[in-house]
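Multiple structures follow.
In the two assemblies presented below, chain A is common to both, partnered first by chain B and then by chain C.
Let's turn to the complex of A and B:
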């Protein structure tokens, strides 16, 4: 069972998903070498923009073999990783500079399974 | 994809075979169009080509350093074994790789490559400009390199040459990613299996390896190239 703050963070990520019709966007913040939210839910079979906002002073390198992406996010800066279109599944990513704390997953679900799809 | 790949192969092979004859093509590596900021690396490459004329062994040692978020500069020392079986320096090379598009943003990812090479003992030069592309198909990736090479100097004829390299890779696990590689240049067409992998250590340190066995299909009774490389990023 997820804790309340954790569920809130996941819910917040959905809000940004509605952003631009052409390309959904999800925001992940980096604070104290932790991703927030740690789980990002995106629709299947769509290209999605993952925007990482790094509030730490030091850079972080997002790395994911599952997503086939590698990207450095400079300190106090933001960067975008484009993923998809992906089939449903779980795709892990981590921060190369802080692999023990900076870990996260992208969960790809069918659009009708998104929590705000009614 | 079913039509695109064979069509691409046919067009490139015909275009390249229609050019002038080859003089010094060597199977090397297929470049990916990606650059990372802070990228620093040492690399060692070996190619051993065995054909009817004997064995040509080549090794390259290089150091690379990212100049910006999208550009990396790499310096090479090239060594080769001569006809007396002595191994020595053959030349030096500067290479710039430029990541043109953000990975995944467009239909395919694009990069550019520029190289300048000088022979050690003669005043012979070679300049190369290339376009690098990569396209994902699920867990597969298709990487292509289109190169235009100009040679000039005291012992080589001034001429343009074209080269095409392609890799179709399956991203199985980080350590082992099997692929098929295809090379075409003036008078040379080769294809064969290849493998690459990556092993991560603490922080940004990682070791990449590549191994390929390319069979020449251009008419020689025997023409095989073994290529391998180790790249340490830190």
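Let's turn to the complex of A and C:
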């Protein structure tokens, strides 16, 4: 029989795994110093994992004053940023090294307004 | 490209210039220490940069953020110890905590600039715009640093100079909250206020105020809490250390 601390630890692990699995994820690719897609739609009031995959050979620094995030994604690699829970609105982000081309927005909408919602 | 280089240069180097100004305004006895600390910080940043690909992949991709958190925590510890020593009688040996503070702040700010300089410039045609941008950025950083030095030196009260340094370090170290939120170690809390209509984060004044005292137009509760903790910590730390020292001397006299 497992002791209480072990059982608690196992229960917490399951909760943590479930939370991680349930967390919405959005993938943004970087190609030729452009974001694809340039608009990411995520649900309001939920934490979301934004994964940036950089297909360029040069690094890019994702910067967002609206989201208060800043992360360097090296060439041919990927990086993750967690955002939210956020109220509905539009949050801009851009590539610090290519601010004229690498621009995008995170549009936060109510869950019922999501494109794949019933 | 020119403007972008200027902006990136200022963003990454201005904090180091301002720290140097603030420390020099406290007294000229730290010039040698400052020089050595800056060189050590740059060497450490270069070493960090050389293994950044591996470092940043650690801890599920949060390695770079955790490195910054660690460096800022070390800067915070150095700051507390330095302020304690400044406010006590033993002012002669107050060098090493300052050394630690400067090395850590230099490391955190120099690494992003190395990424831009080496990884990006080396693969592009580094034309005249990049060189000119760096020179302009350097000129602006030097100018602001000299202005700050003159302004802070004009303050007569030592506590006022230390207060300036406290808010500067608090602004730097409070970023710990942002880094931890970014990698999901801290749960992002709600924004306490929004002053974007007055001074937006992406405006010139926003950049300057952010470097000067950690201004955020929409700070989270964790950021504000961290800021206050850092700004007040030298006082609390000095009080606790003083009590501990007094207790030790009483114990020795018995």
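One rule holds for everything that comes next: the second predicted complex is superposed on the first by the 97 of 118 C-alpha atoms of A that agree within 3 Å, B and C clash if a C-alpha of one lies under 4 Å from a C-alpha of the other, contacts with A are read in each partner's own complex, and residues count from 1 in each chain.
By our rule, a contact is a pair of C-beta atoms (placed from the backbone, for glycine too) under 8 Å apart; a residue touches a chain by one contact, two chains touch by 3 or more.
What you see is a predicted model, and the numbers here were worked out from it, not measured in a lab.
Aligning the two structures on chain A places chain B and chain C in a clash.
Of the two partner chains placed around the shared chain by superposition, chain B and chain C are both touched by A:61.
In the overlay built on the shared chain, the residue A:75 is in contact with chain C alone; chain B does not reach it.
Looking at the superposed arrangement, the partner reaching more residues of chain A, out of chain B and chain C, is C.
Of the two partner chains placed around the shared chain by superposition, chain B and chain C are both touched by A:96. Once the two complexes are overlaid on the shared chain, A:83 sits against chain B and chain C alike.
Counting contacts by the rule stated earlier, residues 47, 59, 61, 65, 68-72, 74, 80-84, 96-97 of chain A appear in both its interface with chain B and its interface with chain C.
Residues 47, 59, 61, 63, 65, 68-72, 74, 80-84, 87, 96-97 of chain A touch chain B in their complex.
Per the touch definition, chain A reaches chain C in the complex via residues 47, 49, 57-59, 61, 65, 68-72, 74-75, 77-85, 96-97, 99.
Contact residues on chain B toward chain A in their complex (touch as defined above): 34, 36-38, 69, 102-105, 136, 138, 141, 171, 173-174, 200, 203-204. Chain C makes touch with chain A in their complex at residues 4, 8, 52-53, 56-57, 60-62, 64-65, 112, 115-116, 119-120, 123-124, 178, 181-184, 187-188, 200-202, 206, 216-218, 220.
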